[in-house]
């Protein structure tokens, strides 16, 4: 594997086109914090598989288009070259494209908006990163969340951008939560797997395995933490009496998965203390997910990865200096 | 009185258990910015009285449980020991527990969430404090507001956490404001007293007197400013034509009470200029309370002390350097 | 023209009353970033004309009253004298007064609130400016937006402050966008002109010409960029299929106009690269306007100039250092 990566790196050094693809793949990998083109390749494969599995290839196209536009925008626009090289201008765009593809109806104007959103996500990511620099906290996927929310909301104002799959706006508290008890082992495992694939808005167990494999080739701890985060999320959500469809569909688990990886290994150390801190953050992310689902209901907006962003920001800011 | 406090301090120095209780009491006192265990004792008595007065002792239990959990979490978690000693990790947890007890239905799962919220409030308070440090502004009760909002909203997603007393979510502007004129002296005084007890989500005149007494033993200016803030709030709200039930129930006055104490003495000097600045902030807090009541209506969330937090942040940030 | 301004400056130096009027006029000019009393005079004339044109002179009165109160508050309150002299404490107040006059029903209590809002806007502007100083980003019109939103929302809680012209709160996504195609040249030009006059919440082509003239006397590039911003906004909004009434009424263009001027000349350089960056920001502001229109619908609040503030903050924060 090392050999393959070294060969690819040599090729990328010799050809701007291969370098561009290398940076795009790294951008895909950065959704899960991995600066690794092979990880990115697994992730792209999972995205494409997941999109075809639900007969929506245009969703994958929207994601990859936004990723390409962002990678090009950051290059041409004179943004920080070191950040560009490791894919840090790409991951928010990829997620933004996937979200626009998932929640809006496809069409020509749709792809124009995906292009604009891809380029804008570079500006947002850079702005957020610089704003938070003074606090020594990373922007995480907030660039994605803010860009996607703006474009999804804007669909209500433009006939050229119809809102295909957005949830209907409702006031919270109207529906009764239906929690089926107990959770069968198969449903539990499906919830765990889909909690991982839903990080990329994908609803596929095979995609989940590809995502895990992609993580594992770059970082085994990250893969284990993603899995642990998903297990915690499904267990906590179920015990608290969450709607079973949400639990087994992974819709309460994708943000906790990201929190577990971020706090447990990427921005923290997997010491016992650090892991306990990460586990607590993961539990709280499940609650934040339920909270933001309710809080965003009047806007008809999905929470996306905002629960992960909010909780991880708080836990990184609060981290006791010598301990965790 | 000095003698009692010194004796208690000696005992706390000798026994970790008494120190823990000392820090819990200081945490209660810090809701009104007082680093004083006797103040805290008065406050706890007022909370317990107010809870029993409306036949809801579990509300007081939820508050004290969250306070104990937060005090323990901050101790074990390695958070700043000096801040811990003066109760700065406790007050947000106490208020969070009281809010969860007030707005959610009691039950076993309920208390599990109170424990999680108590621990989480430590993380939030620390994160908010560090974020604002660069701006030389304190976190105030934002740790409470953010934690409580998240857990209250999350109740809509978990069958194990039913929302007992949350307001029904509505769009603003639908109801007609009923302002009865004139305001009888008794109603005015009730409004003033309950504006103070509602700082702790309590609806009791005797509790209000205990809160005032607790303030007075630590700082007479603080007690007078709390009273003045309540008088200003009730007068302004009534003159502006606010719903009479809200005015006389103290529900438009608890945030202004906190603003008056914060700007008038804790973070400002009671000079004529400083008091005028605090009075203006107090008036604006009444308006902010009405605004946030309307702005939070679609979420079915109470404003809690956010009007105080928002206005006091603005007034502290804007403070003209040499003057006020 | 230079001669007139010099004579006026001499007179202002000799008389505090004329200085006060000078600062008020500069405050009006600062709505479009111009530190120039003649620009301010044009703007005030446009505001008065626009108000009388729709038979609502009290709206202009509310704006000028808030401007006078803020100018006086900042002077007496000991705020930064240099900022005061160039009108930086005035523009948010003027806009706040115009917004309260436009969206609330007139009356005695109404003007009391305009006075409070005018003074409060000074505190908000100063607070926002200081908060953002560490990020080297200006407060723009956020002081106006925050103050106006608070007072508009508060109208739902006070019988003394009836909400005359506020939009009815609705959940987004309920209405169908009606985009009439094609856009006739006259409608296009009306949309461009009103996009400029709506910066001041005015719906008048003659007012638009006065605003442009006022800009031109201080800065021809600014006037041209305002015009270009309006053209871009109307074209983009129409192409995306926005509601025709909004497009031709200038209601999707006033924020983009401000973005174009801010990024193109005030806080940026009109190089090809800088203009391309400003043009992209202007396009994104149209999308942000549609987004915030939908996002604020549940509150029954107008977006005011928040789309401009949000996008310009992001673009200023993200600005690649040597390039744009």
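Going by the order they are written in, the chains are A, B and C; count residues from 1 in each one.
Here is the rule we use: a contact is a pair of C-beta atoms (placed from the backbone, for glycine too) under 8 Å apart; a residue touches a chain by one contact, two chains touch by 3 or more.
Per UniProt, the chains are A, B, C = Urea transporter.
Computed from a predicted model, the values in this text were never measured in an experiment.
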Category of the chain touch graph - line, ring, star, complete, other: complete
Relative orientation of copies chain A (Urea transporter) and chain C (Urea transporter), as a Cα rotation angle in degrees, nearest 5: 120
CA centroid of chain B (Urea transporter) to CA centroid of chain C (Urea transporter), Å: 37
For chain C (Urea transporter), residues that touch 2 or more chains besides their own: 134, 171, 298
Complex contact set, residues of chain A (Urea transporter) against chain C (Urea transporter): 77-79, 109, 113, 116, 119-120, 122-128, 130-131, 134, 149-154, 156-161, 163, 166, 168-171, 298-300
Contact set on chain B (Urea transporter) toward chain C (Urea transporter) in their complex: 134-135, 171-174, 177-179, 237, 239-243, 246, 252, 280, 283-284, 287-295, 298, 313-318, 320, 322-324
